[in-house]
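Naming follows writing order (A, B, C, D and E), and every chain is counted from residue 1.
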Amino acid sequence: MISIIAVSNELELMTNCSLDELQEDYIKWYWIDFNEPTEEEIKELDHSLFFHPLAIEDCIHKLQRPKLDYYGNYSFFVTHRLNEAEIEKEEINFFVGENYIVSFHHLPSKEIHDTWQLLLASKKLSKWDQYLVLYHIMDKIVDGYFPIVYQLEEALDQLENNTKDQTMEQLLEQLFDTRHYLLKLRHTVIPMRDLVYRMLNSHRLRGIKRKKEYFSDIHDHLLKLAEMVDANRELTNDIRDSYLSLNSHQSNRIMKVLTVITTIFMPLTFIAGIYGMNFKNMPELTWNFGYFLILFMMFCIGVGMFLWFKGKGWFS
Amino acid sequence: MISIIAVSNELELMTNCSLDELQEDYIKWYWIDFNEPTEEEIKELDHSLFFHPLAIEDCIHKLQRPKLDYYGNYSFFVTHRLNEAEIEKEEINFFVGENYIVSFHHLPSKEIHDTWQLLLASKKLSKWDQYLVLYHIMDKIVDGYFPIVYQLEEALDQLENNTKDQTMEQLLEQLFDTRHYLLKLRHTVIPMRDLVYRMLNSHRLRGIKRKKEYFSDIHDHLLKLAEMVDANRELTNDIRDSYLSLNSHQSNRIMKVLTVITTIFMPLTFIAGIYGMNFKNMPELTWNFGYFLILFMMFCIGVGMFLWFKGKGWFS
Amino acid sequence: MISIIAVSNELELMTNCSLDELQEDYIKWYWIDFNEPTEEEIKELDHSLFFHPLAIEDCIHKLQRPKLDYYGNYSFFVTHRLNEAEIEKEEINFFVGENYIVSFHHLPSKEIHDTWQLLLASKKLSKWDQYLVLYHIMDKIVDGYFPIVYQLEEALDQLENNTKDQTMEQLLEQLFDTRHYLLKLRHTVIPMRDLVYRMLNSHRLRGIKRKKEYFSDIHDHLLKLAEMVDANRELTNDIRDSYLSLNSHQSNRIMKVLTVITTIFMPLTFIAGIYGMNFKNMPELTWNFGYFLILFMMFCIGVGMFLWFKGKGWFS
Amino acid sequence: MISIIAVSNELELMTNCSLDELQEDYIKWYWIDFNEPTEEEIKELDHSLFFHPLAIEDCIHKLQRPKLDYYGNYSFFVTHRLNEAEIEKEEINFFVGENYIVSFHHLPSKEIHDTWQLLLASKKLSKWDQYLVLYHIMDKIVDGYFPIVYQLEEALDQLENNTKDQTMEQLLEQLFDTRHYLLKLRHTVIPMRDLVYRMLNSHRLRGIKRKKEYFSDIHDHLLKLAEMVDANRELTNDIRDSYLSLNSHQSNRIMKVLTVITTIFMPLTFIAGIYGMNFKNMPELTWNFGYFLILFMMFCIGVGMFLWFKGKGWFS
Amino acid sequence: MISIIAVSNELELMTNCSLDELQEDYIKWYWIDFNEPTEEEIKELDHSLFFHPLAIEDCIHKLQRPKLDYYGNYSFFVTHRLNEAEIEKEEINFFVGENYIVSFHHLPSKEIHDTWQLLLASKKLSKWDQYLVLYHIMDKIVDGYFPIVYQLEEALDQLENNTKDQTMEQLLEQLFDTRHYLLKLRHTVIPMRDLVYRMLNSHRLRGIKRKKEYFSDIHDHLLKLAEMVDANRELTNDIRDSYLSLNSHQSNRIMKVLTVITTIFMPLTFIAGIYGMNFKNMPELTWNFGYFLILFMMFCIGVGMFLWFKGKGWFS
């Protein structure tokens, strides 16, 4: 669907202009939103708006990283919002010209919807222009990254303390997934950060220079996010190493205890074997208290070994 | 084979010029393609086209990385296409001068063939020049990298989930191979990216400056590729670590269970050994229910140890 | 609470001005401190002092990294003090204008309190201005980082030598915590270092340029801190690796000794088993000294194996 | 030995000038080679050629990295050739002045010998100057690195596939040695690359600027070498990890099989032990087919456990 | 102790001037050395020499990294000498002004002592100035780093080949210590390198510019040192990994052999157990050669298993 808001020189909002009417002189600036456009509607980018074929290709394809391209008298932005439910990137593209902004997205965007309503409800229309629209949308996009990072941080917290009493396999798999999400997040946050940095320092984007404080604020958030993502990736490393080493240590300890038990019984069983031999001439067998003596000897050997191993610390 | 396309000032395509005829005034620009050249044909680079011996050496030898050299009034490019079947680099070299492009390749190149056909079939000959030829070939070369990365990503996906139920050895070997391919890919993608970056920012390549959007588009793709390759290399690390730790954990678990079983039978066997001793005077042996008592005792000890180990969690 | 110190042109200290009075001509410069401000007081940032809404938002929110923003005729700083007891960041914000400094903090700050007292007690009022206030507070904030790093270094020292005779699990958990603290510290020290670097090199902060030596001294300390934090993080790596390898080596050694003992008794028990068989015709059983011969043989085998394993070094 | 070639203004080669004669006006340019110089000959650097004491010190000492120093009207280069037999660095130093080059080396250098012969046999003397001498020697030095890298790559190939059927210990030691050689190679290739980069971009070396294509060609080779060395170092990491994990996995598998065997025999031996007990009243012992029943029971238990373990996959 | 050397305009050495006399016109330049100064003497830095309080603070405190600060008409340097016996940093500070150098150190310095003697014994006083003093001291300081690196390299060599036949624990602890020393060394060498680099490129240090070759020589040495330290740190990594993997492999091999022995005896002992059972009706027991048949069978099983395991390579 293509929606249009135009602001006239008299600061009146018009929401039912046609694409052709937008070029009229009484239009101060306008915003066209391509929301889940049909193939027919996409063609308007070329036929009515005359954008460069490479930029249009970038709109259509899903392959893009966040970036900024200059084309003659307009700029083209690719940004990524994050779908909170599935931590999946969704591309939003912008064309920003002298007196217009065109937003383009294959999937519905809460950020654009909210900004649209904000503009419709605004009482200070004189303050708005296409760059303020861009700021509001990007601010909301970046604000939308935080809940996802918080969610991952919380997951890591739970994994660190294993509050849900899960098995090793489950913990490792979740940790692996969390690392994977953080890697994907990184590939959104870092290029977004670089994009906003370029916007702030570009000599061609005068409108952004005038609103420098606003876009700086977004840049701050992206710096913070990049730091959080990297710190959390390091944390996953630490958590995994700490898991594995504790687990292997525990496993070793158990094997040690079991083997100590086995080792204590070996000589005892051997002694029992000796007196189970059927030699004709075995004096001990005929002693009256031979059995009890041997039992006592076994007891001593068993306890002795136990104490010896315990003393060496092999039992804990 | 040496093939030639020349475009005359009247925008007529000529495909049967000789090398000598190309210098005539009525030629606007031309493209010479050295496809699997013979030794004789290679000598034309020197004798007819007068290129620098070092550039010709770079054409002949296989040692080169993607790069850009300036020689007086022409530039020399080394690029790498990838052979999809074997993930093997194949060098394609270009000489780009004031009104010509010379392409040189020891192996047939789909990219050059397709661009050649595109030019032959073009209806807007006025739009073409040597830089547009270069753009189309490089665009196709870089587009040719993606299927290979996708193929490796898919292989990693299968390895991650072990959909083919392979043994540890097979998985590790395939992972090792995948890492190796990614490393090789990296050594193609990174220098290509740097090459295109230099092309975009060079003060000597006016023709590229005029088509900046086109070469920027290639640069975008190379940035994306570099990111994908690096992310996938990180992923192989994660997959391997996760394999190894899960495998070693599983192996530990099995050993633990086996050792617990052994440990439970040790004292039982020992007790049986005791009553197998042949002492004359062993009161228990003569008790009427001695045997059943001992059997019951063994049963209790066995079950007791089993429960104790189970309670300690050593059995899972 | 809002506290105010104003210095008049005659270098008199005034501590009971109202916010409105500060704009008078006879005020040379002033310092307003927002210490644990109420919601009402926070509104003064906007109503009386007219700061930019984004800067005020940064004051209120806890999300910030240390940074420096320029707003028209004042600059806005975010800094982090560290709460020594819990190694927790606490934000302190500054607005520095032509003839004033405004400090803002949600939690009480020893650094600000001490500087306040210093200024009240100062006898050379002519030397003071808003930048000297800023210097003194930041100097104290950064000096406050050192005890924490020293504390962590001491903890690492104790862990390295395990002076408290702790178990592996305890050691690893403490090491993990120390790494975590160092990571958090890093995220305070690095942005603070970059902030002071920007202050030193900014063309807009003339007052800091004039006191360059002072802020350079803070920068030195931050460089030193960053180096210490990184070196200590590397040290935690080394300590953990050295723990784990020693522990695993020790564990292996114990298992080896236990298994050697088991292995020595295996053939002995087997021999005893042989002569425990009940075959009718077993000549050895009837020999007069068969039993003692076999005992001696067992002794030889046992000692032989022991010496053989010892010779191979499998016993230590 | 000190050898001299001088070229006169009439382009005649003179090979028996004395050091003093070289300053004459009819000499266009000259090359002095210090090949395995005696202490006496080394003094000529100071007495006859008046080079700076620090540069002479750098000639004599073995401590140097490849580098470039400017001294008034001459430049001083330190380069490293590699002794192919032992992968050992050998320093070659150059002084390059307005009309001369001085080469200095403690050990004989094939590169210098070959260039010397090339110059003696040259028919286009007008093309030669001191920079062409420098180019030819450095080109040969850098070409001499390749066989060593190829040799190491081949060694890695053999190690990867263990074509020689070596034990783990031998493989690991060879891998360790290969890593060590690669590290040493890296410390030659990286500073040489940086040296040639500086030569290419230096404003003081006009002679090199004029031969830019030639020295760029060397730079290409060094870039390629640096990439190969780094990739091979990464490969050694991968090979080692893959060794160790496969080996440990195999070792685990063997232990598992052995332990499974042991575990199967434990209960069987225990049962045999039970019926080896000497209780008076053991009804089973008197059953006619008790023995065969028990044998059959043991067989069932053994096979059952075997199948059970096999079913669990603990046997492969 | 405060020692003074002054050089008069007539190039006469004076060693017994007072601090006050140094300002006289007939003094060309002078050197004041604060060697293990008392608290009283330290005060002269402020009272007689009027240095900046922050620089004096840096002299007194031990916290400093090597660095360079500019104060009006003098520069302040912090450098680190290394105490060879304990590999401990010792700070030496310099103030370098228009016609003086002041050196300050809490501990005696061989480097300063030697330079002092060199100056006293010099016959070419005209060549000396404060920068030559600085060069000589810094050259000696940096030369003093080499023996320590060589010492560590030798220690690594011995560890690599375990020439002293030490246990694993001892080797690992020494390796850990060596890593620690290298890390400490790195924190001296890297800032010293950066300091000398800044000295070489500073626009404010004209005296150093004039002696550029000399300070470049020191910079060379520091570059070399940084490379050696980093290479040696990588080497410690390699050595440790190679230790651990060889050790663990050896340990696995031993366990395998022991377990194979145990596994061979398990079925034999079981068979002996069978014929130790007391069933009434066990036909084999009454066979005339049953015993010898069973013995032979046991021998066959034992040898068979041994050969089978040996064939599988589980015995080496």
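As a working rule, a residue touches a chain if its C-beta (ideal position, glycine included) is under 8 Å from a C-beta of that chain, and two chains touch if they have at least 3 such contacts.
Predicted, not measured: the structure shown is a model, and the values here were computed from it.
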Shared chain contacts [chain C and chain D, defined touch]: E
Any chain that touches chain E and chain C: none
Rotation angle (°) superposing Cα atoms of chain B on chain E, nearest 5: 145
Numbering shared by both copies at the chain E-chain D contact, with half separating same from different: different
Distance between the centres, which are taken as Cα means, of chain B and chain A, whole angstrom: 25
Euclidean distance of C-alpha centroids - chain A vs chain E, Å: 40
Chain E residues counted as touching two or more neighbouring chains: 248, 255, 259, 262, 266, 269, 273, 276-278, 282
Order in which chains appear around the ring, chain B first, chain D after it: B, D, E, C, A
Residue numbers on chain B that touch chain A, as the complex places them: 213-214, 216-217, 220-221, 223-224, 227, 231, 234-235, 238, 241-242, 245-246, 248-249, 252, 255-256, 259-260, 262-263, 266-267, 269-270, 273-274, 276-282, 314
Chain D partner contacts - residues on chain B that touch it in the complex: 52, 54, 57-58, 63-65, 67, 69, 71, 168-169, 172-173, 176, 179-180, 183, 187, 240, 244, 247-248, 251, 254-255, 258-259, 261-262, 265-266, 268-269, 272-273, 275-278, 282, 284-291, 294-295, 298
